[in-house]
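Both complexes shown next keep chain A, but they swap its partner, so chain B is in the first and chain C is in the second.
Right after this comes the complex of A and B.
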């Protein structure tokens, strides 16, 4: 591909001082950078070194959450991962539930999986759309963002909000399935299956896309494990690992689904795996809507805290109003951690409680941050035009990484 | 020649340059083609496209509104630029793209300034000058992104110029003339060029896409890598001119394509020396054909993303060059055996 072959291990040995290399500052205000800066050293058209400079959209989510009541961290963590809000919400709530010792009822577990899978589809469509515009295809960009809408409407029908749903609360979920949701969801899923064929025609099987992505930004299996990348990118490199399978949460232990993996780990595989995961999510949503058990949507411990008006509201509308317990919640002292497979990879939460009104230590790692090594290790030796390809294919979202 | 016929002759030429097929026609065609490009892409992409400016005719005046906006914006000239080159290069780029039209006849009795038997050569020479100013723009801007854009333009220019010239040469061999009018008359009496030499037509189409920066060869202004490519530092009218130039080039190329390959003013074969029958009616036919070619090319935006520089250069030196050489060979064979 290139005359000079730069190796990942030579990275440290290259002396980038002097005038031999062009230094490009891509970002922080650049159409191809997102909210970050990429400092790129170029030897002609070949990338010698990339130094990602992150932190431009750091929003102190941990600091803020340590100074608020426990329930108020839910909107904060949601706003960090805007295309993928439900998973941030879910991961936080799982950790708090471990501290509180509450187990949500089965129906709530299924509803959590349902909204998480809907959100995974919107997150992958977001990633595919951004990948499209990075390669210059405005069509795929518009299509993907347009096709998120039916799913976002589904989320709105289920949770009352389009993006920042705050749907999952300690002990269960806020709203029950509305009437007519199953029929509406089936229509949307059939629409998406039709659209996936269109995507294959214009994007996945497009000769220009294949020429641009195949063998570009390859990360081998052992390197992927060594660098600790997560999520669809890890599975594109051929590693069979999915938190939903290996450390099941919500209703995933009862659900039957496959974890697609690819072989090569190049940009094209990272595109394919997202399409495959959308198909799996569609299958999962069908399965959840078929199997969902009847019952309460909130754990008994929380239900008992509701006052009579709230209980009446719950019986009539199937909606949980927040009892005073939520704001005065004081989980017993201790530590807890939880893992969730979000759209872009694994979210890890660690919270330490001292039995106080506020969390004592609030720590979380987002998937985009763990996918950061792609910039430094995979881009080397490629051409400048491959940088957006790699960036788009790993579905990197700077606000999520900066937290 | 008396003074009055001379003045009339000059006025007639001026009208050719200014009204038809010159500047006014260019403006109208470019405005419509930009609008059409955005509308077609919007249709494919489930959007409306331009809508609010002149809502009754579907936003067709959007490009004019943009032009007005460019005209009244503040002109910003960065401090470290090469000022004369920075100011002059976009204008000269536009000028040479437009001047090439003088030598592209759209009717059997069309000549501006002087009748010539070498219009193909003249128009090609003028078209080939244009990219040099594009490189000047990139050099003068003192911006790394513009500079890389200019380098890319240079690479692509060199790799696609030869196929372009060879495809025209193969048509020159078939028609045995350097004049567009003779070439069209040849086609009217026999077959259109696209049937005589489809390889040359294909080469020409690829080169058209490349030279005018249509997708999938939108490499010099790849926005996710180079911000705005050559025109990163430009603002106001300079930017507008820079953006309009590829469309003028597209118009030129499409006119040449319809003259050399689509039979020019076929099916209009009336041979009368008269401004209406000699220029306007055949001219409209040629412009409509060129417009259809342009519409097809701008539709590619909705389908393809962009190639990488090395892929485009490699295909230029391999497939496209091979195709153009084959087209020359095909022409020679046809001339040897058919005539």
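Right after this comes the complex of A and C.
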């Protein structure tokens, strides 16, 4: 940190180019975890202002979804949050279910939580890997991306696709647990537990990492609440808040897990919190596979509309096919909202229906968008070399922020 | 959580990191698949290229309606030409005489493999496969004609060694010959 104190409010109107401050453009083509642009004002090599170009990769997901049948929004929201597809899918489907008044059966709830936790681990490993390459450690980048693979294989086994699963549909899920899933999952979890110890030695407790991250990009508890940041970043600043705990959805009200929190709110804490959350997710997956109840994986309202061919498929292959209702769905007029704790934080969905075959208003806020204040508030006063540290530590995903 | 955060003594930290790095240098944790010499046999519900069973399809257009990227087009077809009876699958009605109907064709340039069409089909007429690694040379191959679309997708690298992925306690993922 520099000794000179910069007041962020005085600096918001800087427009003198080339006089006192150097303006540095970071981006626009894939400088980090996606296409984005950061405009940085520098005094020497001290950052005085950062302007993340909001809307740079805007992809009109809301507009597109308002002009399509309800079910067609599932692949759209998934493609916005690529490392976190299941959570986007789940949040949208929860909102639609509230409008329709459908409650999925318990087994479907557990399967939703299961695939969400597998996805959370892959999402955190993605974040840790990107953080690694930002600090110049290609080792941990390769390790984390490699260790996503066993979990992505689990997702592929369960849902039929690696990343864009489209697994959760209104009323339930599309496939039941395949044979041999539990044994395979247990092996993968044991592997990951052992690997986490290796991560600790080579990366998390590495003195180089500690030197570069401790007291870099600190966000105090009060500021974190004031700026409205979400997810692991909020918990790293010491705020005990997790949507899974405070507004339970899927099967989380029946599951026992802890919400890890840290105290300092610096980049190192934001790294540690992700490692701790992977441990909690491992615990949750074990618990889900142990407790998962028997029964249907689709709500009766949907099941009763299946024709005999589809019912036969359901009994034999444990596969849920779509009745015509899925295309011609017209939720009754009204408003609904839902919140889901995704890997990067809380997704919020608001949908207004007028009883038509398209949503009337489709609005969603993604966690990366709510974590943008890190760029404008936390970076000020740091050296330019610390910017990648801060960027990497908040696990920012630009296409998700711009939607 | 304070014990997690406690900075490690620099000497121990560096030595431990180097030791771990050396361990993996000697005994690497590779999970590489030697593609295309080895190719994966994917799980049965894997969503790959798919074709349609001309005999089963009833031309209802549900797949066209549910397709999120609008990749499916219904092409007009005439079945049962010249009043001849065309053979139908067992237990189903035989079609007599010429009849106008429609059949789906998928534009592979647009398809996102969500399988909504496969799942919405009321007669389960789509034939899913696990082929996922096709490459197209010409633009016309992306948008096949109905006749071309009916041909089952041909797997590239037919002579490659077939492997299945398996969870491995030591390496995360290992590959062993498919049964």
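In this section, the second predicted complex is superposed on the first by the 384 of 403 C-alpha atoms of A that agree within 3 Å, B and C clash if a C-alpha of one lies under 4 Å from a C-alpha of the other, contacts with A are read in each partner's own complex, and residues count from 1 in each chain.
As a working rule, a residue touches a chain if its C-beta (ideal position, glycine included) is under 8 Å from a C-beta of that chain, and two chains touch if they have at least 3 such contacts.
Model, not experiment: these values are computed from the prediction.
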Which superposed partner A:146 touches (first chain B, second chain C, both, neither): both
Which superposed partner A:74 touches (first chain B, second chain C, both, neither): second
Touching partner for A:206 - first (chain B), second (chain C), both, neither: both
Which superposed partner A:135 touches (first chain B, second chain C, both, neither): first
More chain A residues in contact - chain B or chain C: C
Chain B versus chain C as contact partner of A:310, first or second or both or neither: second
Which superposed partner A:157 touches (first chain B, second chain C, both, neither): second
Which of chain B and chain C A:60 touches, first, second, both or neither: neither
Which of chain B and chain C A:264 touches, first, second, both or neither: second
Shared contact residues on chain A - chain B and chain C: 139, 146, 202, 206, 208
Residues of chain C touching chain A in the complex: 1-2, 4-5, 7-8, 10, 13-14, 16-17, 19-21, 24, 29, 31, 42-43, 45-47, 62, 65-66, 68-69, 112-116, 119-124, 165-173
Chain C partner contacts - residues on chain A that touch it in the complex: 68-69, 71-72, 74-76, 139, 146-147, 149-150, 153, 156-157, 159-161, 164, 166, 174-175, 178, 184-185, 187-188, 190-191, 194-195, 198, 201-203, 205-208, 210, 214, 260-264, 268-269, 272, 276, 307, 309-310, 313, 319-322, 324, 326-327
Contact set on chain B toward chain A in their complex: 41, 44-47, 144-145, 148, 215-216, 218-219, 222-225, 227, 301-311
Contact set on chain A toward chain B in their complex: 22, 24, 30-32, 45, 132-140, 142-143, 146, 202, 206, 208-209, 211-212, 383-388, 392
